[in-house]
């Protein structure tokens, strides 16, 4: 028994830890033994995933598209070029994610959305294999397993796309120690140039969030504007 | 119902009928005690004050957000019924008698002993109660590029503040014999379908700030906020405050979970993403007056708003009514607490001309909340997270207040 | 449902079924955002945590009390749905658009001008937000003679604490041009059937402490607490915090209203009554453990409770587990605020033997909360009001905790 | 307009002040002109009050009795002797109240309980006259009016029964300036004698406030005791 609080809490059994300790890290610690193929992955996908995400992971019906926006060149460089393309619509999962463990871990814990943790380990390997294949990361015959996942990692399109060189990690292990990136000064008088309004909601959008008159208290220093009516 | 007219005219009949004709409630017998089943509700006249999703923002209602109505709140405490919601796989009302918390290590040597606790046991341990804000990392995220939504509820409403009660996580880790030398990262995991996971720095745990919390504003957490147990990580974005907390793993590496490798990463100009960005930097917003409101008269108003910092206490808030050319320092309402909302107020006589109302907070580290120009100069316009730019409300001559961004 | 067994045994099957067999909520999709109509409710498992009347205490339910469940609350904020109720003629949900506040003088010279305000106007004036306790003068009144009720809810539950937002009354009196020299008493009057009236000392108004309040814990007052307007009189018994506030009269004499001439007067030995006794003196109560609870194990417990004083800040709380022979000083949870609840905690290892648990608070004036013996030596046993004696809970060998009084 | 907050609030009209300024002070300021008799008061009482308070104000069905416990001697001394009698059951309104204005003001603003402010001024005078008569304060033929109320005041049984010499008035006009009546000392070690339990709830009363098991949270450091079962 731990000192201080006798009788409170107990040692977890190995079975219990195994039941809940499901996370998989970028270094693959936690990854269970198993394997899957692209074609089995396609079966899993079509029966358990496609309804929400689209046959090719392209759908935005229930969430942003998983697939799209990455190129063979990205697989080489480890940088998704289109992240720099302001014209490209949306940013898919595979444009952003740098670690294949992330996808495996997440599908294993949380997908299918309405029946999480219902897939077998090999089904998870398979469907992740399918997604990697759809993204052009692995070939059609690639067998994804605990032994081969490191190879897939070497080809993740955005694997070099992350930085922790910033001030927003409140610890020492990563980041720059908390140094902010923006240094504003609290000027008090005659500060900026003449202010110009550069962005505002167009009049035709004023009712987009519903009638704002119904979203303010009925009494108070001011009321909500009736956005079912034109301004003025 | 729509807005009522604001009027208190000198009455024609020699008196206001609301005074001269006594209302029924001055002449009758009211309702009994405990008449709402032992748990009271707000007035029927407050029905407009709701948490609300923003139409079109998400494709499903279970991976979604409802925003707290900041424009209608007073002081710093958020009523638990109006606390913002952010779920990734919906919310649950879990039986606390069956809930367990497990502590384990990423390897066998990380903890002397993995442990399991019941809620009874957790609630028996030494607890503290502290007031803290919680802000989603995506708060104000819709506004990175330009103005997208009309009111403070939608621009800043993924923000709430409560008195949390719980056990410092350090106490549990001490009981389990954690290796603080090797174990510099924790994984926090939820019991819901998403089994939400986030990496937490051990430094915050060692400071005593991170709580395994069950209490919120005097009662148990609400189901939407993680009943019966959630991690409280003061100063850090809401996604790390894992709800339905079932497991804490002590490890020697960060975990790159879905919500720290695909989302809650900050896209920079050039295409790199900042990963593990967690701290909510100093920020503020004027809530009165704010977008979607109408001022019906010239004359005196009390400008009022909220300021906060993930790095400690708010030190000062300045307010401008001319779009940032000139500033006056606002009053801060006591108590000013660390990593907690602070209410500020300032007197203002509106002359009926267009006014550009802004607030700018400063925290105890000396950090000053930036303008959109300053923030975008470093981070561009395509991020989703950690937008702490100065908010501008345009009070038009008509009295209508609009959300605007300045060049 | 009755209490569950407290158990976390080393499992027979090599694991707790609540861990080994994943619950449905770990394997399914939860509920949508804003699914409770935009205003959330507590968990279904918290249904036992209610405000409750004490059976037989009052003959009607509209001139009655419901008590806050102190034994189940954390920290210092009382959830508004659990705030204690005390009505003399029932509660109402009044239309705030029709509510008016009038200021007048007891004679024509007392105010430069009598005034009328709408809620819109009051809410436009400078406001402050402050945390304060409110305690009914009759709290613990059933216990003057001997033990009458079993739990902290009934002994001490006419006590709540909120963040109140409102306009300092001084601002309104200044606008009306009050004669502060002659006008040393105010009459506060409600708009309900009882049109509750109480005399308020001008000194408290001049200190800036008395508020004309509309906000409570971030939202508007609840109907049971006086929506849309109530007087907040920090440190003074609840009856003076007039609900549904419709009128303030400035006068040069106290008013001897029904609730300061027939009730809320303190019967002394000898038959005299103290009139206009208003201040709530320094007091405290242990809420964990407390009457009606059962401790199921020996071992560690955190003793936890509340302390408060109508004269300012709590300075110290001492706790005894041997009926007052020996005392240890408890931890006070920050922030410690004036005329506000303060949460105290202390570690305790229960050895399984009978224990008499007490707390004794001291405020910043140096006043020390008295024992029953000390209090009764001055005030006898037949008063109803202002019982601030030290509470004793007997933890029996069976673990059952009883309300007792010592000789 | 008052300075500081132009446009906020307005002067009340005389009619408005008259409508709400209904309070009556111990010095009778605020008492409207009018009068009433005991016999008319009895009519008012029987039709509007007796159902709740009993024909003689003696009922404790909806509230404590109004009438009873005062004597002719009390009317002379201005002290209700029975306030000193621990054996006397309950304390009636007229045993406690020292100011007749209090009764007039309260009946006028708040009674009948289910229809407050429905009586005419003369009805209020009458019913108060009736209560004074029931209490032996005024004779059967006493006409209570704005002119005669001071006479009734001179005979209020507990008119000398109040003191403001205490520390619980947080102002200067009354009281002793805030000095507490009890001065405890915060002894820390070996303080009192052996503590003895002098009062507790008898076992047969343990379920009087309902089953306490249902009045405690289902989880926590301790549960509620099942008071439907005997102790132990």
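A, B, C and D label the chains in the order they appear, each numbered from 1.
As a working rule, contacts are C-beta pairs under 8 Å (C-beta built on N, C-alpha and C of every residue); 3 or more make two chains touch, one makes a residue touch a chain.
Just so you know, these numbers come straight off a predicted model, no measurement behind them.
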On the document's contact criterion, could you list the chains that touch chain A and likewise touch chain B? C
Once you find the CA centre of chain A and the CA centre of chain C, what distance in Å lies between them? 46
Rounded Å distance between chain A and chain D, as computed from the means of their C-alpha atoms: 66
Centroid of chain C to centroid of chain D, CA atoms only: how many Å? 21
Could you tell me which residues belong to chain B and also touch two or more other chains? 4, 6, 8, 16, 19, 26-29, 45-46, 49-50, 52, 60, 72, 89, 96-97, 102, 116-118, 120-121, 124-125, 193, 195, 220, 228, 300-302
Indicate the residues of chain D shared as contacts by at least two other chains. 4-5, 8-11, 16, 20, 113, 116-117, 217-221
Which of line, ring, star, complete and other names the graph you get from chains that touch? other
Which of the chains are touching one another, listed as pairs? A-B, A-C, B-C, B-D, C-D
Within their complex, chain A touches chain B through residues 2, 4-5, 8-12, 16-17, 20-23, 25-27, 29-30, 60-63, 79-81, 83-84, 86, 91, 93, 96-99, 101-103, 105-106, 109-110, 113, 116-117, 158, 161-175, 178, 180-192, 194-201, 206, 208-227, 231-232
Over in the complex, which chain A residues touch chain C? Could you list them? 4-11, 13-16, 19-20, 113-118, 217-221
Residues of chain B touching chain D in their complex? 8-11, 14-16, 19-20, 22, 26-29, 96-97, 118-120, 123-124, 220, 228, 297-300
What does chain C use to touch chain B in their complex? 4, 6-8, 16, 18-19, 23, 25-46, 49-53, 60-62, 64-66, 72-83, 85, 87, 89-100, 102, 116-118, 120-121, 124-131, 163-165, 191-193, 195, 214-215, 217-220, 222-224, 227-228, 244, 300-302, 304, 333-335, 337, 343, 345, 347
